Amino acid sequence: MILQTRFFPEQASELAWHVDNIIWAISAVTGATGLAVYAVIGLFCIMYRRKNPGELGYAPTPRILGSHKLELAWTIIPLIIFLAFFGWGAQIYNVALHPPADAPEIYVVGKQWMWKVQYPGGQRVIIGQNSLDYAKEIGGEGYFEGIMVLPVNRPVKIVLTSEDVIHNFGIPAFRQKIDAVPGRYVSTWYHPTKTGTYDIFCDQYCGTNHSLMVGKVMVVEQKEYEEWLEGKWKTGPGKNSVDGSLAHQGRQLFQKLNCIQCHDTQKSKAPILEEIYNTRRPIKGGGTVIADENYLRESIRRPRAKVRDGWEPIMPHFGPDKVSEEDLIKVIAYIKSLKKGETPVRTEDWVAPVGGTTEPPAAPKTPTGEGGPK
Amino acid sequence: MSTATKHEAHASNEHPAHSAHVSYLKDGWSIWSWLFTVDHKRIGIMYLVMLTIFFGVGGALAGLVRTNLLSPTGLIMDNDTYNKTFTAHGVVMLFLFLIPSIPGVMGNFFVPIMIGAKDMAFPKLNIASWYVWMVGASFAVFALLTGGIDTGWTLYPPYSSRSSHSNVVPGVFGVFITGFSGIMTGLNIIVTMHRMRAPGMTWGRLPLFCWAMYATSLIQLLATPVLAIALTLLMVETGSNALGMPIGIFDPALDGDPLLFQHLFWFYSHPAVYIMILPAMGMVSELLTCFSRKNIFGYTAVAWSSVGIAIVGFLVWAHHMFVAGISYYAALLFSLLSMFVAVPSAIKIFNWTATLYRGAISFQAPMIFALGFLVLFTVGGLTGIPLATLGSDLHLHDTYFVVAHFHFVMVGGMVLGYLGALHYWWPKMFGVMYSDFWSRIGAIMICVGYVTTFTPQFWLGYHGMPRRYPNYPAEFQYLNVLSTAGYSIQAAAFLLIHTYLIASFFTGKKAGPNPWGATGLEWVAESPPITHNFEATPKVVCGPYEYSLNMTQTGEKADVR
Amino acid sequence: MSANEGALKHHFEDIEQQRGAERLGMWMFLATEVLFFGGVFLAYTVYRIWYPKEWAAASGQLNVLVAGINTVLLLTSSLTITFAIRAAQLGNRKALMNLLAITGILGAGFMCFKAYEYNQDYEEGLVPFCKNFGKELVHDPDDHSKALSTFNDQWEKKGIAPQRIRLFMTFYFIMTGIHGLHIIIGIGAIFYLWYRAYMGWITADRYVGVEVTSLYWHLVDAIWLFLMPLLYLAGPHHGLHF
Amino acid sequence: MAFYFDHKHQKLDNPAASVDNPGAIIAVWVAIFVGVIATIGVSLSHIGDSALIVHMLISAVQVGLVGYYWMHLNKADSLTWLTAGSALFIMLILFAMPLSDYLTRFLGGL
């Protein structure tokens, strides 16, 4: 038991190095100050103790009322030190929040009490010790933790959301954590520097099996990673064979959900979605928005909140009952990948993919629209 | 003194006992004379009784939590029960013990005496605050007993409003009501301090405990209503979910923002930490000066740092939300401001240390508690810095590091201050002395127990063990067992303390009016004080800590009597 | 101690100390009230920034006429209670009783109109906790010439999310509800004062109760002066809905 | 006679000496009433969402009048002003700091 306990936790990412530096710098400075204060208190307690231990009442002591110089010194010096920590910490936070532009995006969806990880190539891993409850979703196999695989020495961006309540995706070995807030995307990024297997925890209290919403992240060499992506080896019963990239799956959904009915290039009834990602778009009623993930998300979930200028608000909204969080990610991945001239062509004899409906989606019936899981 | 004469005549009409000047404990024996009292001292004692019970309950719940954590898969409870247990521990300890403790007991009992007043400004409001608190506590206890709450004391929606099927509404309603009690007490203390001070009791002559209580009351007045409204909105949302017509005030599925609740909640709950720690800080200033026979080093700095903490404490709450998805710029702003709140605490620590210089230090139990406070609060305060720094909070947020940090502040700081106050003023409150030997043993045991319980948790947190986990990786077991061992030392120490304190009623020797040879106005009064505190309104002639001159605030000799 | 004993309570040194304490106590309480409402105003503001379109639409459905009448009622009641202090200070018991009664009646009138308005909201299907929310046949608030239709249909046409309307209506009911509760407490306090005046317990040297109650009543009035434009007149209005 | 440091001690108790002028009370009522009319007028004047700013300015002036004249801040001691001021100060914090989050939340970082 004691042997299992490492004295220092693993440092497995670039950020871990920075975070450890600041933690230990703060600990050293505050520790030294604290010990110095203790030493002075201890010294005073010994030097000025009363000779007779039970004695109380009058004793001739000097009447010292204070010293402004000293007080000013111990006001300003700590403040300067604290502000230095603030500056350093802000710098690390800045690094932690801004992924390199070329980092591949891995999507993570939190749900009570599991994490669903989607790779750009379409691979899928489910993390969570109680995945047994979700045996059907993960392919009918039994109890397992789920292992997410990452390549060493290559930055990856994590785009995070939640289906129900607030979770927190934390990997102590990477010294990094961020809340998965339902209803929007937040992102972070990792630059793993050391191969090995590390813990993933849910750090935000999320209900009964909060402590079972855990798993592992396995950092492997680039070659092994590619083999894993290709399905040559598996970490568990998740889907990690290639059945189409995320964008490709999104394209299928784009047709299946009848988005193509309006968002086509011929008789367009809605904006053409080619190359709109991260561009600034004017909206009806004045103002502009940047078409980032959160805007794309809102435009699918609540299409009429911010309508593109020049178009009518005719799009029905797609709540979680029509498009799950995971499918939403696929559609967004597809929209992000759309290049000029790549919108599928809608022809009169176009046949919907298997399982798709050919009728346009029905208008919402209830005033509440989406209710989310109750 | 024509008014005084008129008053004496007037008062003796209503209280026949008053002219006999019996102690407040003997002024009426029936249960009604307690339940319908408007005497601030009796109300303080009523708070003391209830707080002791709740502290015992909260402590026992902590014991269940720690016992369960002995095993990596949960030793005695299933996950759901564990969640309800730590929530109950949090709710009971925070809202039913820590927040009302020193303001309710010592604030009520001693602030009027220390400023030379006969009673609080609004005695009926004062007893009402106790009843309101009891009603709130009943709701909370009812919610905890009939199924419990499994949301954690932070009650974050959408979990609490949509996902949790436990007793959120009655529990939240209870907390909501206890808030009003805090507002009443705070209002009473502020008005009393402004309007009821004895002649000569200038702001520069107020004991530092009163300054701390003033700052505390300021926070209670101005922060608690924001919690009340946050809880109201949460109750509406939770209730609407139960009715099947969900409204998403904080629920993103219905276009609400969960972070709004966190903002409103922490707007109160961060300053609430200062509600807990400031009175303890004030207490330590009293104890250190008394038992080292010295003036406080830098009265003005210590007094104003309390007010400074109260004000700056309102500006830092979002450091609880650095990884919660708030704006990058807001995170920078709040981290910067959080650094400023550390400064007044640092000033206090250094000034207290300097107070000991060239003193004549004796180590009675209250002094051991005060020194323990210095040591443990320093740890708690300094470990707050990595949590307020953005870069390190990325890793430490929501881990056991946070748990250890705030327990060092609240338990190591606040509870030690409370116990120090209780031991210091016990002879004044009840007129009896407890065992000197056993009290010293108890104080040392508590400090040792705290360190053993919570130091391992820093290490657990640094290794990444998240809060609120009944199941954890096996390599963390060794540190968890150590922590639980520390808990048992604490539990033994608390049993010991309550045993000798209760025993002092029967076997303790009678205490004189000034058993410590202290200088405050409360030591001029009898032990226990008479119903109107003083035979005649005292005249204050000097500052509160003239130990080197051996002079009480009324100018008498401050000898052991 | 009840009011029929001496004006000076036993633990105060003199009457001005006592009066100052009571006034200060009420001001402190008003400070907490300001922050109590402040929290819900903040929540309102956040969503108004996020959902301006829905806020304007929802606000347009409320009855501005009733709100206007209520504003005048409350304003006038503040006027009369200010005169009541004056009467109390001058020791004019008759005028004091009359003015207090008028104040209380105006407050009660406010609550009656409020009840009428809540009922109208219910009949128009605007109560977010009720099953008929958005389902009643009503005129389009922007264009009364159109045929009756349900709010749900109107919102659908205008591209307005109903759950955001419900959010607004929730704030409307919470804010006016808490405010109404304060009014009711105030009416109680005023009639208690009236009773004290009737019994002759309020004299020129014991007028502070009137003043303290008036402070509370003025604050409730002041909050209404903010609530009125925020709830009934949010966003651009093309006409007034009654 | 006791001596107090933080409030002016009045030797004589004469409440009738500090009564309000009825004309002033009514003038305040008229001013606030005009404000109410202006508030509704602004909403109908097609200036769009910026009506909010005008509304809040009018309300602030109205409440200022109520506070200063009707709630007797004009006769109050500095402590009462301090109480009112501290409530407004904390209110300012309560608005400014969360809005600093909401107004910059989706702007990214530096």
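Each chain gets a letter, A, B, C and D, in the order it is written, and its residues are counted from 1.
Following the convention adopted for this analysis, a residue touches a chain if its C-beta (ideal position, glycine included) is under 8 Å from a C-beta of that chain, and two chains touch if they have at least 3 such contacts.
Given the structure is predicted, the values throughout are model-derived calculations rather than measurements.
Novice: Give the chain pair that accounts for the most C-beta pairs in contact.
Specialist: A-B
Novice: Could you say which chain's mean Cα position falls nearest to the mean Cα position of the entire protein shown?
Specialist: B
Novice: List the centre-to-centre spacing of chain B and chain C in whole Å, with centres computed as mean CA coordinates.
Specialist: One centre to the other, that is 36 Å.
Novice: Calculate how many whole Å lie between the centre of chain A and the centre of chain C, each centre taken as the average of the chain's C-alpha atoms.
Specialist: So the centre of chain A lies 44 Å away from the centre of chain C.
Novice: What whole-number Å value describes the gap between the mean CA coordinates of chain C and chain D?
Specialist: Each chain's C-alpha centroid was found; their separation is 16 Å.
Novice: Quick check: what residues of chain A touch more than one other chain, meaning two or more?
Specialist: In chain A, 97, 302, 368 touch at least two other chains.
Novice: For chain B, what residues touch not just one other chain but two or more?
Specialist: Residues 3-4, 194-195, 222-223, 226, 245, 254-255, 259-260, 263, 267, 325, 328, 537.
Novice: When you check chain C against every other chain, which residues touch at least two of them?
Specialist: Touching at least two other chains: 13-14, 17, 20, 24, 28, 31-32, 35, 38-39, 42, 46, 50-51, 133, 161, 163, 166.
Novice: In their complex, what parts of chain A are in touch with chain C?
Specialist: Residue positions touching the partner: 285, 302, 304-305, 307, 313, 317, 363-364, 367-369.
Novice: Note which residues of chain D are touching chain C in the complex, please.
Specialist: By the definition above, chain D touches chain C via 2, 4, 7, 9-10, 13, 15-16, 18-20, 22, 25-26, 29, 32-33, 35-36, 39-40, 42-44, 46-49, 51-52, 55-56, 58-59, 62-63, 66-67, 70-72, 76-77, 79-80, 83-84, 86-88, 90-91, 94-95, 98-99, 102-103.
Novice: Could you please specify the touching residues of chain B with respect to chain A in the complex?
Specialist: Residues of chain B touching chain A: 79-80, 83, 150-152, 154, 156, 158-159, 162-164, 241, 245-246, 251-255, 258-259, 292-301, 322-325, 328, 331-332, 335-336, 339-340, 342-343, 346-347, 349-351, 353-354, 356-364, 371, 374-375, 378-379, 382-383, 385-386, 388-399, 436, 462-464, 466-479, 515-517, 546-550, 557-560.
Novice: Considering only the defined contacts, which chain A positions touch chain B in the complex?
Specialist: Residues in contact with chain B: 1-2, 4-6, 9, 15-16, 18-19, 22-23, 26-27, 30-31, 33-34, 37-38, 40-41, 44-45, 48-50, 53-68, 70-71, 74-75, 78-79, 82-83, 85-86, 88-93, 96-97, 112, 129, 164-166, 168, 170, 172-173, 175-179, 181-184, 186, 199, 201-212, 214, 302, 320, 368, 370-372, 374.
Novice: What residues on chain B touch chain D, complex-wise?
Specialist: Per the stated touch rule, the residues are 1-4, 194-195, 197-199, 202-203, 218, 222-223, 226, 259-260, 263, 267, 314-315, 317-318, 325-330, 333-334, 537.
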